[in-house]
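I have placed the structure first, in the form of structure tokens, so that the comments after it can refer back to it.
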């Protein structure tokens, strides 16, 4: 075991997987010589050479589509998209090619790729370095969408993703990269895909989140306990698509109240799906409206600190929503 | 679009190398087969015997055949919507091709993809999507893998001239050039992208002139001259196989019919269509072979009969094949099954925590 | 008044708007000489010439981005995307440029464009001529997303869209183009954006839909009335973003039951947002779970008729969901 | 990347035409101003006086100035992330530029866009997004409008060499070529896209060679020679203004510092950096002007003082400007307000149909 940051955990997973399987390779802007914009791929070029660690041209479309092809031919590409804000040139390759290849060929042609994407706001990045955009991919069958919220999960889920046979969108939150540390095994392990985690046990309300706001949700739970004695169960979705609905439905069946938290825009953020599933499959268990704590429906995030702060989910906003739900 | 004057009217001209008689006869045989197969598909469509749509390459056989014949099974073909027949050169059985046209369970994709979109994994034909240039760009990745794996294989990627306007096309050609990948980018310039003439796609006459901007060889050939196409292609393939990297090959040709079976193609001048029909690559090749004592009417009759017999059998196979079962629509979305998720949703109730199930 | 199909109504709106305002122009693949893949732009080239009716190169990115620029310079572009399945090369221009231009310039630079898009399944188009993809744009603040379901609305909403100052995604359902007819004024009129319509009055359940499935929902309502005597209120969303939540919330407050119907994939289809809004803002009015009638989460639509049919919303499926909700 | 030998070491060389002394002095003045402004911005950043990041074009002034000076107010500049200073040539007041850097209410975008992304509507500078080539492609649409409106205006679109790998770049150049639009595509080739050398972006040495594939003129100039850049640009602008269509102009230059203020740029050879610093376009222009009796130390001192005074005032203006109010984040999403929707959600209850409101 070693105390690791989230970015260390990602880096370790890449080193280990590239050692384990010679078919694994990395491609993206600045991933080789510079070791990645956030240093996620640090040391890979030195260890594995420039055939397996490729500084691509500035073209997200070809980063993804060449990965798809290489995967069809037996490789295990791990392309990196520097910021999800720049994933648009690669959206066709992801949603129309990777996501549908298995289906359109009835399973005879497949592309196991793990697209690592940096996302998320709250670091003053402005309108083009703060986006989430997970919804575009959650709404696309054929893709697995993963978004770890802890260093332990980051390593274990990335390894599981690379070994999985589906095209996977792997969302790494830039604010998590260096803000939290935890014990992470230096040995090989995986964390199962498609499974949510109960991060905090509770009986009075189920709070559902992922990524950076999961950390805020946990803090909010503690604060609500301090203020009101209520016990909030906190669920980390981990895989955003296909959703592990059982874990949160079971929790809501017990607590009878739910709040969903995410930093992306409100409309058709993942919170909409979670709320809709609860309203459909656990309606009779519910004692209160399902509130969503999210960014407003404006472009995310404006640069000036005052504006950014206004749009950003905070512990306080989560506490307020929990209180309102408990009071209902 | 290319003007008449650019071509000598007698076809094919001699290629840069003398071709083996067997190769010449094979080129002819495959052109004939492609023609007969596609004309039959068009008849089936008009008879309402399959649904969807079809994009015939009739008139473009010299390019279809010259670029994809004589590849190794391990070589990849990356077809566009108009390259259904490249499967024939690759060796995909006609039975499967017609099962595909009919959307049957026995099709390589079990009825999922549209009629013109047929791939075949065992022989490395990529199952197409509709997005223009998509298979070409995936093919670039396959070429990257071949290079990494030190395999002596190549990728042949086909698009129309319209595709060259799309950014994705450019991204792949550039990437392949930088990494010297074993891929040949074939531009099948048939003068139109649906109704839009090439003059509205590009301000240059020869699209192979784009190659200079990527640092790869670029060649324009008469796409109705199967010998010219084949010869240029062999050179490009040899270069790719031996580590010399990518080539851009433009083949100027023409489609006889509409963009698809539902397009009356009124946007074209009938005289233009007639001119190009007079340049039909098949009788041209017949003349060429005859001059070399490699062709006879009798041989053509035999070939035609044989091809028709194979087609009849394939159609019978297709028509006797089962249709897909409705709920198979849920299969092959992921490596794992989503049937349970889609067919039975659990409902939680205050009484029974894991209550009843429903669709 | 004249009896018109949906496509006639679109065509009429384009003719009238181009006559009214010399800044309006049309650009897209095959829109000029061919008059559009579905003949929506028929006759425009002949009347307005090839400066205002432009056959673009095969590049959705430049269709949209050149429209954005032209709009900034005072024009009123109405770009056409032939099939929404091919909108991916233009997604950056739509979501990152058009949607955010007003915001990033604090209103000093704007781009009034109306992107006409053909969408929808059920005509045997297969995996790449059947998609909806509205969610990508609904999830993007700054865009107005409109999807008329009748000829009358098609004309009135298209005119309103062209005159509006926001970038608008205008979704036209290919199966509606020629399948329904109704009386449409030949005079100038507009239908207000951002307003849903109550298509059928009812007291027992609120069914919410848009586009082609609105027609199916209306049929289902009649069938439920015949079978059970129940009166279903049917709401046509018309504008999918920003959503007119008041209209359906008010209805649910009266009927206490809701079913949402759309042909797009279930996960993060518009139904998720509608259900989430109801579960949040009208929870106390609800007597039953909110059911969604949608396509399953598979690539839409597989080509073979059997497979296509399985994935397609039908009157029967809507009736079943309504019955289950009424029975709860 | 270009090698040393390609350039004569004394700069600038004589342009293809003799330039007016006033033009020469103006070119110099603006280079100096750009340099001083950006070096000051860098100091402010290191002092933590503004947040976000900045992409300095220090070292590239000959290209920045030579391509965007002497435009008409109605002409459009389409800047990328590294072209903040083009605002100076366009005439955007420094007060607004610094208010922008500081993210204040008085900025043209009222604090919304990142520091390097400053546009100015009254003088037709497009407010940038980050997406590479985005403003260029929007600029192509503006050029289309100019043509439709019969206006004698032009668009200058600037990107780095990295941008040429992206499909969007290609789509716009091709479209502009087909429609003969009044736009100049400037490739500011500074050798690197973040850490990636141009050799991994492109297999060709001179990126202007891509022009041939589009059917437009392509020119490569020494981007550190302001006279060469200006001269080539005048020719391109004249062509565009007179209906002659688009030009592709590659300017080979170098950025002195990292990609952004947080990039130590360890991926570059220090000797390479030193070499390019020795080709600093500003002292080179001083030599050139001196030889023509157009420069003196005294004049430079006066200019510098004047520029610094203007900067000091602009910074004071910025620092005294109010910060945006938090809930203004809800403004300018649409032409209509979303405040009510976002700030108060109505709640329906069985008792009161249009009940209480809450956030």
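To keep things simple, chains are lettered A, B, C and D as they appear, and every chain counts its residues starting from 1.
Definition applied: contacts are C-beta pairs under 8 Å (C-beta built on N, C-alpha and C of every residue); 3 or more make two chains touch, one makes a residue touch a chain.
Since the model is a prediction, treat every value here as computed from it, not as a measurement.
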Farthest-lying chain, centroid of Cα atoms versus that of subunit B: D
Chain pair, A-B or A-D, that carries the greater number of C-beta contacts: A-B
Centroid distance [mean C-alpha coordinates] between subunit C and subunit A, Å: 30
Centre distance in Å when subunit A and subunit B are each reduced to the mean of their C-alpha atoms: 39
Length of the line joining the C-alpha centres of subunit A and subunit D, rounded to whole Å: 35
Inter-chain centre distance, subunit B versus subunit D - centres from mean C-alpha coordinates, in Å: 44
Multi-chain contact sites of subunit B, meaning residues that touch two or more partners: 112-113, 117, 129, 131, 165-168, 171, 174-175, 178, 200-202, 333, 338, 341, 347
Two or more partner chains touched - positions in subunit C: 56-57, 59, 61-62, 85, 88-89, 92, 96, 100, 103-104, 127-128, 141-142, 242, 280-281, 284, 289, 297-299, 302
Residues of subunit D touching subunit A in the complex: 51-52, 103-104, 111-115, 117, 129-132, 162-163, 165-168, 193-196, 200-202, 266-267, 323-330, 333, 338, 341-342, 347, 358
Touch list for subunit D against partner subunit B, complex: 164-171, 174-175, 177-178, 199-204, 207, 209-216
Partner subunit D, residues of subunit C touching it in the complex: 25, 51-52, 56-57, 59, 61-62, 65-75, 77, 89, 92-93, 96-97, 100-110, 141-142, 144, 164-166, 194, 242, 246, 249-250, 252-254, 256, 280-282, 284-285
Touch list for subunit C against partner subunit A, complex: 85, 88-89, 91-92, 95-96, 99-100, 103-104, 127-128, 135-136, 138-142, 241-243, 265, 267-273, 275-276, 278-281, 283-284, 286, 288-292, 297-299, 302
Subunit A partner contacts - residues on subunit B that touch it in the complex: 76, 107-110, 112-113, 117, 119, 121, 126-127, 129, 131, 134, 137-146, 148-149, 167-168, 171-172, 174-175, 178, 331-336, 338, 341, 345-350, 353-354
